[in-house]
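Heads up, the thing below is written out as structure tokens.
Here the chain labels run A, B, C and D in written order, and each chain numbers its own residues starting at 1.
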Amino acid sequence: MIDFKRKGLAVAILATVGMAGCAGGGDESDAAGEGRETIAVFTKNQTNPFFEVVRTGAARGAADMGADVVQYIPTRPDNIPEQMSQIEDVVVRRPDAIVFTPVDTQAMVPGVEQVNAAGIPVVNITDPVLGGDIVSFVGCDEVTLARDTGRYVLERLGGAGNVVILEGVGGSVNSNNRVSGFMAAVEEFPDVTLLASQPGNFQRLQALQVMENLLQTYPEIDAVLAANDSMAMGAIEALEAANRPALVVGLNGTQEAIDAIKAGTLLASGDCDGFNHGCLGAMAAVRHVRNLPVPDEILIPITVVDETNYQPLDIPLEERMCPAWETFAGE
Amino acid sequence: MSRAAVLEGGARWRAAASRAPGVAYLLAALLVFFALFGPRFASAPNLLNIGIQSSILLLLALPMTLIIMAEGLDLSMGAVLGLAGIVLASALVAGYGLPAALGAALAVGLVFGVANGLLVTRVGLPPFAATLGTLGAAQGGALVATGGQSVVGIGPSLPALYASSWLGIPFSIWVAVAAYGAFHVLLYHTRFGACVFAIGGNRDALALAGVRVHAYHAAIYALGGLMAGFAALLLTGRMNAGHPTAAIGMEFDAIAAVIVGGTRFERGYGGLPGTVLGVLAVGVLKNGLNVLAVPSSLQVASIGLLLIAALLVDSIRGRS
Amino acid sequence: MERAPIQEPPARAVPRVEMRGISKRFPGVRALDDVSLTVHAGEVHMLVGQNGAGKSTLIKVLCGAVHPDSGEFRIDGRPVRIESAADARRLGVAVIFQEFSLVPHLDIAQNIFLGREPGSRFPGVVDRRRMHAQARALLDALGMDLDTRLPAAELGVAQQQMVEIAKALSQNARILVMDEPTAALSDHEIDRLFARIRKLKQDGIAVIYISHRLREVFTIGDRVTVLRDGRHAATLESARTDMAGLVRLMVGREVRTHRRRFGESAGDIVLEVRDLEAENGVHGIGLHVRAGEIVGVAGLVGSGRTELARAIFGADRVLGGEVRLGGQRLPGGPAEAVARGMGLVPEDRKESGLALTRSVGDNLLVAALPRIFPNRWYRFGTAARIVADLIARLQVATPSPGRLAKFLSGGNQQKVVVGKWLGAGVHFYVFDEPTRGIDVAAKAEMFGLMETLVGDGAAVLMISSELPEVVALCDRAYVMRDRTIVGELDRRDLTEENILKLAMHHE
Amino acid sequence: MTAPAAWPLRMPSIGYRLLGVAALCLALALATDAFLTLPNLLNVMRQASLTFLIASGLTLVIVTAGLDLSIGANLGLSACFAAAVIQASGSVLLGAAVGLASGIVIGVMNGVMVTWLGLPPFIATFGMLWMVYGVNYWYMAGTTIYDFPQGFRNLGSGDALGVPVPVYLMAASMLVGGLFTRYTTWGHDIYAIGANREAARLSGIPIRSRLMLVYTLSGAMAGLSGIVYLARLNSAEAGMGDPLLLPAIAAVLIGGTSLFGGIGTLSGTFVGALILTLTLNGMNLLTIDTNWQPLVMGVIVLLAAWLDASTRRRAEARA
């Protein structure tokens, strides 16, 4: 369970009132000492917990190397023109390097090109951007991630049964990769029937409603393969409400998923640790600035987290430590 | 009846200043604040950035001004922009030239604009409901056509055009300036413009003047659709791709900019300069906060604060 | 008549306009019933009649704004069809409307040339310089010293009226219709206007002139047509008739100016206003009304009558002074005024008197709810009973209480507005132009109703531009000018002449 | 032509709408066996009830010719606050109270802006939407709060006597709302304000306090919906209300409430929510690509608006 060390509601309400007063207070990084590099970190939204993990990892990774981070998140979740604007604004500010998660792998290519033109190094994390020059890509192969997780659940089914797939945002590269990974796993088991593959937009509520409807259509569902943990949790809600047990797997290895694995409601979550994306992304950026070698690609190993191996991930986010650079980026 | 009958030059200026929307003062305050505290905010590249970032929104906000002055609303603009972008990109991918592709995008925009216009004037639907309906149609159309994916591989012609600049000013700013100029002439120097004022201000007077009110009224919406189609040129050029949901919600930003700029839903009150101020105020705010590296959650709240503060200034000044 | 010197004498010449057998029904009203009108070139043809007699409808038919159910038009002897405003304009009809047709945020020149803007070299683009020059010339001809770049929203009522006139004149019309053009004008402005009209006559323009000021029939008119209850009553040569004859024709057989029985001594002071000043411009207002009294407020258009009513009621913000109702000072705001027993029957009932899209029943009860249902619990049985009672008492002609208010005739709508105050148990009424736009019969009912109210001990403040009504109905009257009260006339001095003397400027 | 004793009727063309519901049901029953099953129908009722809960307060706002664009953001913030308090204190009641209170506070702030400050509702509540999201993003900092006691979760996903709990909530709020709008003078005042604000003001209706009430109710219903959604999802995150705004507006419009004010009912909004849910449910059952959903929703909104416009025109032609 996450420990919510928060300032409490009163502060929140006070802050609403005082928002205007502190709007100008964010000028921290320029005041920071000379010689400390500033890394601008771009993530897709402030609603998905995965990216909070990435941001925390990046902050930790940079801090470990004695650098500062500045976070940029579109005010509207996953908004393409807005991330483009933020890139333009950041180019003016000239950080030493950028750690970049594109909101869209295709449409953000001109953004990366703009950063290239300004001569600021870019480390691409999590989702690959399909153009421009990058120092390094830190992430994992999402097709493999989904295939391994899918394989895991289908083996637990004994290689036979009826399954459904909950897709992410229709057409997004994340969703496509993950779904094709699931599909690959399903095809490995001839006795497994894929009943349906429907989009839940990576959202819990939509997955819940889609699952409720699927439960009406199909009297027998043995397993649910969800393209992220939020949707897996939504599916579990629907299954529990209908009293129809099924094996559910998700992807991302979020804290919520780990708690659900501990509680036995979620079978497993394919994890490609977002914390390490952030850590190594920031480290790679700082290393590049310091003229230390950085490989073109750092693939974070994939773990299918289940009730046997969740412990390393089950610590509060703020207590997690970045791995040593050499752990994943050897030699 | 002993009112001052003649306005002298100076008095006209003062009258104009007194009519300036509250957002003008907020914009000035923001500029001063960011210039003082934002590193390199006042540099030429950054000011150009604000222009680039505001240009697409301005292309939507200009016709939205006319639509709102005519006591209407167009919620479909963002979705139509998205769909037109898909069409533009797909046409380029299919190997058509840029003019043909732009023509197709404009045609898509026009079709939706005309549909909005007819639904409002002929079928008599409330503009909010009519354009909410076409919003769904355009957005659904874009999603179905692409399966939610980006349309890529549009070739070099549009990106090259978008990246070009003249006299050191980027293409998109020239487009925005030209669009403003065109709309300025249209609203203040043509019969069409007088009709826009009259449709909101005194529709009966227009009808009695023998003008075909419905046609002009529908034309305002058609213009809105057309501009949404045209804005696809900039959006697609900016992303080097077409994306079905890239412009979702932009209509609300445009409406907010227009209202903050002093245009009102009643009596044909409003104008284009205020809309420019409204668009710029939001653009400057977002840019300045990025330059200051203010946390995103605070940026989100600041946008709301700006909108409400601008209206509040108007409301207080309106009372005194 | 330079244009037709070789033709037969004017009387038998082909008329410029002929309207024959025009009929028009609106929901609940027969607005025009077989009306004919013939106007010659170079003639000023007066059109008179009471409110609701059909004058405005006839004009709207002529200019294409209203389609008649039957009837035909001829212009210069040729049968024509007028289906739209554009048709009318093409045929040379220009109209100065009573309800202003100006667009608030366009300037004077744009308003004058709305829909006919002079073009420039570029298609669709207006030649503004030429437009303003032409507008300037038109205003100069009317002796108006206004900047043509001023938006209409910033003009006073008289100025708006003059712009309307300039707009009509600019159309080089062959048939010019003026609907009460002098209602808001000062003597000086009226003189200039009449000079202009005489010039138009010489140019062979046919002028149709609607007026409530019967004197104008003799100062400017050649012939006069009287309408009554939507029917043609008579057409006469101005020189061969007199004021009394016209009034007789307008009113009907009996010259029945409504006469109240006066005499009962008035009761206690119900309303007392001291030194009232409001945001809408009225200032220095002092007046009082006693129980059992009908007190009039007269003045020209723009003198601040409606503003006074709104200030007393608290509808517009009060800046200073006090309003006392039944001895207690009102805290301001309509809600408090109503709670203390004051009701306003506003001038523009469609804008602020009624909810047109709600039923008659809902409208009748809207103000009465706190009184009828003090515990806030709405009982439909009680509501239906009270509504039925009010409809019967006021004789509202409606097929059911569920009828939407917009489908009622003007008179019945006005009854509903009054009815909502009856239900609310109000004892002080402000009537602002209670007879505007309603027919003669409804008018008489309205007067009867007001008498009943004061007979039952209520007090009434009646604002009216119809001087005969003020004279006939009021115990006393206050006269307004420039947004303040300039005099009080008691029963003995209450004549139209005295009112006008106070109301007009005498510079 | 005349409808005796029908004069407080404020809902246009309910008959046609119910016909639409019936037609949808019939089509779906023919198209798929899965539709006409008790669990599925209950399922539809549950989803429609939730949509109704959000849209109910909005209905009243729109009846006054106003608008509240902040309900989605409000729902999210209320859910997050409620979630945090439940987790911190272990008290569901306290959490629900805080969630409801936060909804009410936002509603009151909207009301103050619209009435006392005289700001146009569209932009005032749009600005509020941004402010609420800002606070929520800051407060949640990208995290999710999850895992609540089963008793609380039943509020959203449980059944009682075989019927989903949200259906009871919907029925209760419809009953209370119906009584409020139909059988109290406040309700009648609200319709009067929407039909003609100036006339209502000059009839002595205290406009500001009535509008305050309506915006507060809208905020309260958003807060309540937040709690129910929290229970249903068993988790809270900052963006959870975002996808719920447009469907709520659509449900109100499909239900026949006029944006010009003065016309509309809560039962209409429920029918609107039902039509919306049935359509989406049917599309899911028939496994139609979800990309079609916005288009289909748009067409339904247009159809409903057209229905109202044409019935109104016919009524006027008859008069």
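Methods note: a contact is a pair of C-beta atoms (placed from the backbone, for glycine too) under 8 Å apart; a residue touches a chain by one contact, two chains touch by 3 or more.
Everything quoted here is computed from the prediction, not taken from an experiment.
Between subunit A and subunit B, the least number of touching-chain steps is 1.
The chain with its C-alpha centre at the largest distance from the centre of subunit A is C. Looking at which of B-D and B-C shares more C-beta pairs in contact, the answer is the pair B-D.
Chain geometry summary: the mean Cα position of subunit B and that of subunit D are 30 Å apart.
Distance from the subunit C centre to the subunit D centre is 45 Å, each centre being the mean of its Cα atoms. Chain centres here are Cα means. That of subunit A falls 33 Å from that of subunit D.
Among the residues of subunit B, those touching two or more other chains are numbered 143, 147-148, 295-303, 305. Each of residues 130-131, 133-135, 137-138, 141, 260, 289, 291 in subunit D touches at least two other chains.
Shown are all chain pairs that touch, namely A-B, A-D, B-C, B-D, C-D. Against subunit D, the residues of subunit A that register as touching in their complex are 1-2, 4, 6, 9, 12-13, 15-16, 19, 45-49, 51-52, 55, 75, 77, 170, 196, 198-199, 201, 203-206, 208-210, 212-217, 230, 233-234, 237, 240-242, 254-256, 259, 263. Of all residues in subunit A, those touching subunit B in their complex are 16, 19-20, 22-30, 46, 70-76, 79-82, 84-86, 88-94, 104-110, 130, 169-172, 176. Considering their complex, residues 27, 313, 315, 333-335, 337-339, 344, 346, 351-362, 365-367, 369-370, 373, 376-380, 384, 387, 399-404, 407, 420, 424 of subunit C touch subunit D.
Within the complex, the subunit B residues that touch subunit D are 79, 119, 123-126, 128-130, 132-141, 143-144, 147-148, 252, 255-256, 259-260, 264-265, 295-308, 311-312, 315, 318-319. For subunit B in complex with subunit A, the touching residues are 33, 37, 39-41, 43, 45-46, 49, 52-53, 56, 143, 146-150, 152, 159, 235, 238-241, 243-244, 246-247, 249-250, 286-287, 289-303, 305.
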